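Two complexes follow with subunit A in common, the first pairing it with subunit B and the second with subunit C.
== the complex of A and B ==
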């Protein structure tokens, strides 16, 4: 059962990612990306990371992609104004070949990782132990990342604001 | 799994279906009759099956049949056929699924096995609701975009912008609630609300977090696309908004999805701020201990209530034409109510005389709590309907102003205040 779900979800994740690159219409690409993100959320759930599952859907699928689609629909680009992509298939194929060494590297790194043999704790991936770990063991990185996000937020406001003041 | 365990799981699924799907016709009925009440008219009340009108509830069934058998029309200009048909499904499914984490009653124990009384046994609670509320807007946006119609696109854009901005305030107002009841699991939150504040008030969210309750209720209205925030279908400006091009059952799914979403929002409001399934002053423990006493009281109260209801019905539920089957409805309903009372009295009498086992005590407690939850849910849904027929629609810039400049800062202040109080109390 778990294997079947894993294969189904991975299929949808890959399918969505592939569709995002191949599809011509921007709205279709964005919708295809949603499929990938939802499938990834499902994979998190399969790994017992229920909090990550929820956050993946709330933040990526629910908020960020909504904004993407909102902007794309707002611009409402006409079919004739979309760029023509004549040799798209060829470029995709060549790009895929160029990326093979990188993929091999990632695969090697993956197989070099030590296997986890001990059984995980009962409450692994739940919200309470995750929060406790973030605010005790990983406090400094957590605060640094929130600082980074704050800087990005203020940057966005500064860029978006008009220069009339 | 034993037979009892399977029974409890089936009961949960049936309850979840009843509260979400079964609520839709009832809510449509409430909407119309309350609209009639507020506009000083009767509302639909004549439709009947063999004379049974149930105050107009049968009209909802007739409407459902109408939507079902209407011509499945789609304009030729629509190119995105798949997305056009898929959009209502997204709205409906996400509204339906978001209902699945609402606890209807306290946990039931069979031996040492614990059963969570909700549609799906997942403990994500609030997070699950937020995730699905975020997904449901895709249905509206895709539907509006795929319609290839300027009004529909405008409606979709409005809805998208509205949900994004109100989701921020909604999430922030939830944080202070979660600080108060340190759990995201709705069952835990409701159990915490069974206690008393200073021995007088029940510890409901609305007393502990009045500001968060206000913000959450306002944002829930916006998330459910209900008036005063229903600009996505503002018929005075953009015809039908996102569903302009929709008809028949495709529209029907949007329509039912809207009511299920409204019911799910009410369920979450009730669960977070109005004590969920808790009867005030009677938590699960007390109910378990005093069950014979409560059952004894009910043996007197239920027939008394039924009797006064029958008298009220005989006086008001009349049909002036003699030979119409509808003129016999009151007599027929009287028989049904009397029969139900007899069944109840037999069951309760048997329980009282033979004595209640541990499981049947739990079961009766669960039934009482489900009834409490259903009552609160209906009351909250009534508030949704009441507001719809009382308040006018917002202007679009006012809506965004309210979301970003009023609700969001208030929610942030509320978080800081709540957190400080909790830290000070802990120290």
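== the complex of A and C ==
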């Protein structure tokens, strides 16, 4: 059962990712990326990361991609604004061939690692132990993230404001 | 069982990362380039979570949370930049943005 779920989810993840780089319109690409993100959320759930499952759906598919589609519609992109890519398929094909050795190298490095054998703890991936680790061992990175988000907020406002002469 | 093996997740993450890299090098649309970067973030996230389960440690999952927060911050800045660029250049072509290129200056 879990094997079947894994196959389906990884198929949808790869399918969505492939559609994203092949489709011409940005809106179609964004919708295709949402399929990938939701499938990845399912893979997180298979990996006992229930908190990340929720975060992936709420923050990634819910907030970031919605903002993204909102911006695409807000810009009102016409066909004449899009770049002409006559050799797109050729470039994608050639790039795919170039990337095969890199893939094989990484997969060979991981192939030697043994399979997972020991059973996990009962509450692995629940919010409580994850939050305990986040607020004790990783407290400083957690606070730095809040600073980073504040800086990004100010930066976005500064960039997007109208130029004053 | 296939699900419990680390290798299958590494395979999926690697393929997703390659597709993202392919999108960055082969496409000219700024939106698609940005989404490819997001896809690479997600592939690395999957790798982190798989390794967290493999090592019975929360460090990988917390790193994934940090990456998601960073991606959110990046999305805000990047989309503001795209809005400004589109307002000025009226195009989404990455080849139009060559203010720093040496050929243009010569």
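Here, the second predicted complex is superposed on the first by the 145 of 165 C-alpha atoms of A that agree within 3 Å, B and C clash if a C-alpha of one lies under 4 Å from a C-alpha of the other, contacts with A are read in each partner's own complex, and residues count from 1 in each chain.
Definition applied: a contact is a pair of C-beta atoms (placed from the backbone, for glycine too) under 8 Å apart; a residue touches a chain by one contact, two chains touch by 3 or more.
Computed from a predicted structure; not experimentally measured.
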Exercise for the section: Determine, under the contact definition given at the top, whether A:110 touches first (subunit B), second (subunit C), both, or neither. Expected result: second
Problem - Between subunit B and subunit C, more extensive residue contact with subunit A - result: C
Practice task
Pick one for A:61: touches subunit B only (first), subunit C only (second), both, or neither.
Solution key: first
Practice task
State whether A:69 touches subunit B only (first), subunit C only (second), both chains, or neither.
Solution key: first
Problem - Touching partner for A:51 - first (subunit B), second (subunit C), both, neither - result: both
Practice task
Go through the superposed model and pick first if A:34 touches only subunit B, second if only subunit C, both, or neither.
Solution key: first
Practice task
Check whether A:153 is in contact with subunit B, with subunit C, with both or with neither, and answer first, second, both or neither.
Solution key: second
Practice task
Examine A:21 and indicate which partner it touches, taking first as subunit B and second as subunit C; both and neither are also allowed.
Solution key: second
Exercise for the section: State whether A:127 touches subunit B only (first), subunit C only (second), both chains, or neither. Expected result: first
Practice task
Share the list of subunit A residues that count as touching for subunit B in one structure and for subunit C in the other.
Solution key: 51, 55, 63, 67, 74
Problem - subunit A-facing residues of subunit C, complex - result: 1-12, 14-16, 18-23, 25-29, 31-32, 35-36, 38-39, 42, 45-46, 49-50, 52-54, 56, 58-59, 61-62, 64-66, 68-77, 79-84, 86, 90-95
Handout entry: subunit A-touching residues of subunit B, taken from the complex the two chains share
Key = 83, 122-124, 127-128, 130-135, 137-138, 141-142, 145, 153, 156-157, 160-161, 163-164, 167, 184
Completion exercise
So, in the complex, the side of subunit A touching subunit B is made of residues 27, 31, 34, 50-51, 53-55, 57-58, 61-63, 66-67, 69-70, 73-74, 76, 126-127
Practice task
Using the touch definition up top, name the residues of subunit A that touch subunit C in the complex.
Solution key: 2-3, 5-7, 10, 13-14, 17-18, 20-21, 26, 29-30, 33, 36-37, 40, 43-44, 46-49, 51-52, 55-56, 59-60, 63-64, 67-68, 71-72, 74-75, 77, 81-83, 85, 88, 91-92, 95-96, 99, 102-103, 106-107, 110-111, 113, 115-116, 118, 120-121, 124-125, 129-130, 133-134, 137-138, 141, 145, 148-149, 151-153, 155-157, 159-160
